[in-house]
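Order as written gives the chain letters A, B and C; numbering starts at 1 within each chain.
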Amino acid sequence: MNTRWLERASATLGISGFGFFIFSVVAMALGPVVMLRKVPMQTVEQISQNVIPDFYDLLVRYPDEFKKYFGDPGDPPDEAKMRQYFAEALRLGRKVYIAEGCWHCHSQFVRPLADEQLRFGPTSWAAEHQNELQLPPLFGTRRVGPDLIREAGVRSNDWHAAHFYDPQAVVPDSVMPRFTWFFEERKVPYENGVKIVPNQRGLAIITYVQWLGSWVRPPAEGVPLTASAAEDYR
Amino acid sequence: MTNHVSTHPGSGALSGAGERPLVNLALVKGHIVASLVWFFVGLTGGLLFSMQFFRHYPFPGIELLSPGRVRMVHTNMMAYGFILNAFFAGMLWSIPRLTGFPILSDKLGRLFFWGWQVILAFVVGGILTGHAQAVEWGETPVFIDPFISVWVLLGVVNLVAPILKTRGRPLYVTLWYFSASFVWTVLNYLMGNYIPQFFVPGAGGAAIAGLFIHDLVGLFVTPIGWGLMYYFVPSILNRPIWSHALSLVGFWGLAFFYPLNGVHHFLYSTIPMYVQYGAVVSTVAVELVVTTVIVNFFMTLRGMGRTLVTSLPIRWFYTGMVAYFTTCLQCAVQVQLPVQQIIHFTDWVVAHAHLVMFAVFGSWIMGFFTELWPRLVRRPWKSRALLEWHYWLTTLGIWTMFLTLTALGLQQGYLWRGLNPWEDMLRSSIPFWVFRTFTGVLIIAGTVVFAYHAWATARQPVPAAVTERVEGAEPAAP
Amino acid sequence: MRQGLRMIGFWGVAVLGVMSVLAQSVQWPQPPIQQRQVIENGRRVYLRYCVGCHGEKGDGQGPAAAMLWPKPRDFRDGVFKFLTVPRGDLPPDRDLFRIVTHGLPGSAMPSWRLLPETERWAVIQYIKTFATRWQEESPGQPIEVAPDPYAFYSPEEIRSEVIPRGEAVYHGLTKCWACHPAYVSADQIAEYLRQFGRGEEAASIRPDLHKPQKTTDRWGNILFPPDFTRNRLKSVSSLEDLYIRIGAGVGGTEMPVWKGQIPEEDLWAVTYYVASLIEKRGIFLPRRRPL
């Protein structure tokens, strides 16, 4: 068999260089894109139609900072304005999430495995990643910290604030670094005169994290006082 | 089996065409030095970031040195600073010799060299100031991506010109790998950095990002690494590669199967299952192909095992090949879905990545640096002992790091599987992580030894006897 | 000889019998070693997971506490907020276990459901060492959830009869608007007050009627009672939970025990009314117990 033609630049550049590469892209990358063509990409404006309750909570907790960095939505808060601020916060929050490399230690998809479903919640499906904030996708590759795609409402805003400021103060075993630049000092007439509050980036990253998975957030209000003993272990 | 010698013999230091030297030694040397400089930047980043894992990060609370950002400096400098510069050095040395034609333009070579270093500096600055892009191993800031694209194209044009000048003559194995990789790297960079960033979100984008990550290893680093092996191993051993047929199988098998692998980074994700299964199958296929290549190289060494002791470059090369076989075997095992359940997201993967990028390609790069440096500075290595120290410290460091993190990965996977509290994983990982930093220090120590040794060698007076050998330095006809 | 054996047998049986009877009346102490081990185990758990917020001394002054609001619980006086026992009583372990397991959504207390169950029970035993009250008193009785008188009402009847009655109770009888926001106008409140024969109290209607009144709890922390149409409730996930919360009150705060203070029909009516306020946020409280 004469294989000399396989050794020429035309073959190596043309067949393997262009041909095989394009074949791989068509099979492995265009395939998924075509299969998902009927799930349109949601824009941030569409996402921000449902303002998460935690965003209102931020307005209550940190009113001065909220008004300073996003704007004053009035009282009671104007819903259209809140949607606009929410979109702003989500965009900035995702930017911070990427800039700090959060996605190298936190994944954003739950695999269809029993332990992950019990630990984090329902398995991920394709449509929940079809939005502008997954551009590029933030699936992540490593879990030094837990997965975040079901994080919405699991913890409160002040927990997140305290945790971003000093993770070891909240979780002594944590190896997460401190993000003190998400915070600023505010003068208050109590608590030794100074209070540490999130700045724009802090508010945005908390909003972003609280948004992750807000679409599967259980409607339950709190501790089921009258749950049967068996339900306690769910 | 005979080896089809298909090279136009590169004749000495001068090309036939004119006064221009065949190999631009200054560029080769420049790329080697730059490679080492960025290697130190990357190593420092890795060392610092690893200290965060046991809460002893030396610069806590400093925004510009945030561990998350430093990690990206580590990975990007290893890929684009250390490995790319080193490979350009190797290609600038070998392509003219294999084709008989010099690179397109020395001026272009210098433009590429300096431009690339400036780009890398901007990448470091951009990442540290918080402008990273969320593409793994393409964290280079979005506004720098166009420059990188253009510059990679410039570098490729410069190197592909001598290959095209062969006008359809059959090429030597090395050049198959190089030429294919040039196309792959450019296309891959354009695909991975622009499509998920601007057009395709979610699962589709992840499929593309997965291809990008893997193609960066499989279609840029691996082919050029193997190309350099096909050049340096026969030339140092002074005997041809054992089987030309296996070389053909190795190249075409890799070229077909490697690009299909990428999605195995996102198994059990929302990417359609046929793509995931396809990635698993082709990953196993790559392992089979790799075995043929490894067999080919070890048969080339037959009867000359002693060179592993006497020749440092050969020892580096074959150490790398053992690591390569290990990683590929590991690949075939770890992409199996039941294994993925345990090891995905754990330090097992980190161990694997370090084994591929450093124990394989790092070893090969150190090997041909060891080979080329005396020729470039026209002086023999100053001390054999220091070469040995470099080899042993680095090798010991990377292999113990690999073993530690692999064991740790299994432990983490099973702790998660058992639904233990997350903190259990962290608490039980910390001893491993401390040891990992120690292994990193070994690697850094080895590299410091090498850098010092290279510097000290270059400063020696020129011995007359060596001058001749360097002048006549020639790749033994493969 | 045989006589002697028989005597020994008789006396032996008799002595053993008496001893075994006596043994029943002896108060054997708790096995102290096991107790110590549980508490020691609980201490380890506490130092791993709880100490960041609740502090090493259990005073709610951990390193993270400064940035939290509401503040972490101070364990030193044995008063807890969200229990099934009337406010102020010591809780049974099960109440604490539920809070540890599910967390308190809306506060910084997360759910610890993945912590092994033994560790959760152990940490509760350790928490109880912070307050001396646990040695002096015994836990209170959980309040009883009376049968729901409106259980068989149709949704229309609930809307047209029960909820209006609850609204009248909320604003006129229990005067919840003293701390929580009012959801009707001041004139309407005056009308409801007259309905319950308390017309003269209309003078005490505060001006910022539609906002929560700022209060202070017994630990000195600023506190806003929830606005049901806006704020999340921390211990309510069913209609019965809401009944218990209204019935048992909230420890350490102004929220009183309503169980036994007003008729059961009114207590249930106000429960339905508050549930209807919560529904405005799109949250529908299910009925926990099958009818």
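Details
Here is the rule we go by: a residue touches a chain if its C-beta (ideal position, glycine included) is under 8 Å from a C-beta of that chain, and two chains touch if they have at least 3 such contacts.
Note that the coordinates shown come from a computational prediction; the quantities given were computed from them, not determined experimentally.
Chain-level centrality, scored on Cα centres against the all-protein Cα centre, points to A. A count of contacting C-beta pairs for A-B and for A-C identifies A-B as the more extensively joined pair. Spacing of chain B relative to chain C, judged by their CA centroids, is 62 angstrom. Annotation: 34 Å between the Cα-based centres of chain A and chain C. Taken residue by residue, chain C touches two or more other chains at 48-49, 114, whereas all remaining positions touch fewer. Residues of chain B found to touch two or more other chains are 419, 422-423. Residue positions of chain A touching 2 or more other chains: 118-119, 168, 171, 173. Interface residues of chain B facing chain A in the complex, by the touch rule stated above, are 4, 6, 52-55, 57, 60-61, 63, 66-69, 71-72, 130-136, 139, 160, 163-164, 166, 168-171, 175-176, 179-184, 187-188, 191, 195-209, 211, 215, 219, 248, 251-252, 255-256, 259-260, 262-263, 265-266, 268-272, 274-275, 278-279, 341, 344-346, 349-350, 416-419, 422-423, 426-427, 430, 433. By the touch criterion stated above, chain A contacts chain B in their complex at residues 3-4, 6-10, 12-13, 15-18, 20-25, 27-29, 31-33, 35-36, 41, 96, 98-105, 107, 109, 111-113, 115-116, 118-119, 124-126, 128-146, 168, 171, 173-175, 177-181. By the touch criterion given at the top, residues 47-49, 51-53, 62-64, 66-69, 82, 84, 94-95, 97-99, 101-108, 110-111, 113-114, 117, 145, 230, 232-238, 240-241, 244-245, 278, 281-285, 288-289 of chain C touch chain A in their complex.
Across the interface of their complex, chain B is touched by residues 48-49, 114-116 of chain C. In the complex of the two chains, the chain B residues touching chain C come out as 419-423.
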